[in-house]
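Sharing a structure with you now.
Letters A, B, C and D mark the chains in the order given here, with residues in each chain numbered from 1 onward.
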Amino acid sequence: MSFRLYNYVLSGNCYKVRLFASLLGVSYESIAVDFHPGQEHKGEKLLQISPAETLPIMLADDMVLTETSAMLGWMASKFDAGKNWWPVNEPTKITLIIQWLGFASDLTLTIGEARLHSMLNRDVDVDRALAGGKRALRLLEARLTEQSLRGSQWLVGENPTIADIACFPYAALAPDAGLEHDDYPVIRNWLYAIRSLDGFVTMPGIHEVHKLRDTENTL
Amino acid sequence: MTTEPVGLSVNLPSQRVMQARVGDADIAVWRGVSGKLSAWLNRCPHRGMRLSHGFVRGESLACLYHGWHYGSDGVCNYIPAHPDLEPPGTIQTTVFSIIDQDGVLWVSVDGAAGGQDLPGDSKPVRSITFSCSAKAAKDALIGSSVADGSGGELSIHDIAEGSNRLEFKSANGLNSVVVLLQQPSDQSMIAHILAAGDWSVDGMIGISRWSETVRRQAERTKNVPNSDCQDEL
Amino acid sequence: MQDDITLQLSICGQFRSGEFPDWICHRAGVLNLAGWVKVQDDTHIEVLVHGNPVLLEALELACSIGPYSVTVDDIEATSAIWTKSVSGFVEII
Amino acid sequence: MLGLERAKDDWYPVAIAGSMGECESHTTRLLGFEITLHGGKNGAISVNFGETDLAVQVKFDHVWTTFCDNPRPLFDIPEGDEPGRVRVPCGVVRVKCSPLRAVENFLDIAHFPFVHTDILGAEPHTEVAPYDVKIDESKNEVIATKVKFFQPQAAKSAGDGIVTDYVYRVAAPMVSILYKTCPPKPEAQDVITLFVQPLDEETCDVWPWMALYDYENSMADMISFQQMIFVQDRSILENQIPRKLPLDPRMEIPTRADMTSIAYRRWLKRSGALYGALTEAV
């Protein structure tokens, strides 16, 4: 096992790690945490591991990681020999990737919060979260529009990077919070492109593209 | 009800499905593997699921809920729960007319869709949704001019009364920007934007950014409590 | 693909609203079934229906609820002979 | 409003037992009315509607309440009390749909290959074999038996794919109980339920609860599995049109694979349980 993940099935942040591990073909040890309703991440057992009261927690190379950007960066550095997902030798690209990794946190704080409210009844300032979520989706749509005019369907450069992985979950889960994708055609196509990657895995709220299976003989 | 523009062709590649709104109708628009377009009432006849959440297989759209398949004519051709059944031609979706004309998708919910001709070399820029009334959006668009990326400006050229089409032209008349307006609800408006003439990538990006500037202005207008105060902005 | 079959449905319940026969014809049309519906009285309707067994079952299921104005207590289905006496699905008197 | 008076005669779940601290209070809705929950001593929870104290009882690890002075009795799940079972309240999930649609979806198996892909179903195993459904007049419940479906991973405790046997029971308009093959203990059946709190006719809070024989997985694993399944359904439920459950089959095209759904709707119509239902075709 390459790392251990304290994991919650409905968390978009945990899903970033699950998705990237699957795309890289990396196996890991997953420990389910009862975030809802049990609030186990605030219990003493988990606080002993990380006092941050957040999920996911990753134990990797003797490090305790609580920021998903660091987790994605570590996984790319460790397991992506081609340096495509985290192109460390290309200063402009990694700078922009860091920029979008930061933006991914805004998605969590807006769409993620609104989703906690609309789905799990958490007490949050939902109007503020929804307004922020809409603003974030507009920024993402604008960036992806400009990229598509440049001939790329990805956030940075011509290939998918950890910036796409970091932004994907909460952008894809926006309808869970009542923010539909219908007004964002370029985001919709970018989501489809990620869902079509080899090794893609779903999470609840993000369906698979249902490509025709080899075993099926209908039509 | 006339024909409405519902999107840019480039934003609906083959084997994809999207949602659109024309008048009161919630519509699923999709393309088969060959690129063939269909527009249907966005509701699976089986159990009412929105078909815009479905998936395309070959020349059929399948509902995400139970996988019922419908061909481009709207007729059900496969029911997974009864794989041996050949569904009768009477099980079908409500089909609307759709055409792809000069890179724009046009839908009509009553009768044949008729699109509009665009300048021959029109290239799609983007579709952008404004959260304000159609009037506020239109006023902001008419009141602005598009920067062409090299110091020049395109000013408003053509606004037919009641038209859902605005056209901006450069001084020499060679470059133009066409904005097609779609009104999905009272408080939102979608602008489908195309550029014709000689445009660099940066110029196209400039048009996209211009549309965001106009949107900010239009939505600010909407937020003014008394619409008489618009001039003060 | 299964062979077509013919069934006679005896439907019992409260049908005073008179809405049911048209409703059955419409449903049979959606399911592409042939046959007829005949009102015996306010509490009894007979249906003869011919077509694909899966679709026949679908008609029977739909009839078990019916429109809101009627109450369906029971449907008895028996095998029958198809005489091709009607085309499409019609109400007979 | 259609069906409101009848709906007021039933008990509804509003909280997990013991989930509120002393002096904690929290406002929620039931059948369109605002109610307030108060935590008391030893984990007790009381419920107010305005100035009125509502009746409260704890059952299946949840707090149940009712507006009625003489409510219909709360159903039983005798298997739930069997020794050796792990009882798992799974937490609440809010869904923008009729409470009846949430129950109906729980009774449906044909969607497994498309919505719970590679877990509860997978192509090409999509066929729904005939099964039995009846309305049990003595108990006034809907029962579906001999339901069988191929499942790649039927439960957290299941390894490879198996043909799973199901029995479905609708014990109240907003309660659905499922008995299914228990992979580690073939002679017994797992109990999985959906208790639905109707906030109004088009919004509900769903409280899944399970009573399982599972000695290998952690509580968090079991909860995760159930939440994963239910939240996969959530985006379907929020996109069915109309939001209320149509009782007139003209709105849809049910086939044999929808038999339980039809029996459920038929039973709702006969019982006058119309809160969250649409009676006329539109």
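By our rule, contacts are C-beta pairs under 8 Å (C-beta built on N, C-alpha and C of every residue); 3 or more make two chains touch, one makes a residue touch a chain.
As the structure is a prediction and not an experimental result, all values here were calculated from the model.
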Which chain pair shares more contacting C-beta pairs: A-D, or B-C? A-D
Rounded to the nearest Å, the gap separating the Cα centres of subunit A and subunit C is 53
Give, as an integer number of Å, the spacing between the C-alpha centres of subunit D and subunit A. 30
Distance between chain centroids, defined by C-alpha means - subunit B, subunit C (Å): 44
What is the distance in Å between the mean C-alpha positions of subunit B and subunit D? 40
Listing for subunit B: what residues touch at least two other chains? 53, 62, 64, 80, 82-83, 91
Where subunit A touches two or more other chains, by residue: 207, 210, 218
Can you list every residue of subunit C that touches 2 or more other chains, as numbers and ranges? 30-31, 54-55
Every chain pair in contact, whichever chains are involved: A-B, A-D, B-C, B-D, C-D
Complex interface listing, subunit C residues touching subunit D: 23, 26-27, 30-31, 54-55, 57-58, 61-62, 64-68, 71-72
Name, in rising order, each residue of subunit A that touches subunit D in their complex. 8-10, 31-34, 36-38, 40, 118-121, 175-176, 178, 202, 204-205, 207-208, 210, 213, 215-218
Can you name the residues of subunit B that touch subunit C in the complex? 82, 84-86, 88-91
Per the contact definition, I'd like the list of subunit D residues that touch subunit A in the complex. 16, 19, 89-94, 96, 114-115, 117, 123-124, 205, 218-221, 223-225, 227-232, 234-235, 238
Tell me, which parts of subunit B touch subunit A in their complex? 7-8, 11-13, 16, 18-20, 52-53, 55, 57-58, 60, 62, 64, 69, 77-78, 80, 83, 125-127, 129, 131, 188, 190, 201, 204-205, 208-209, 212
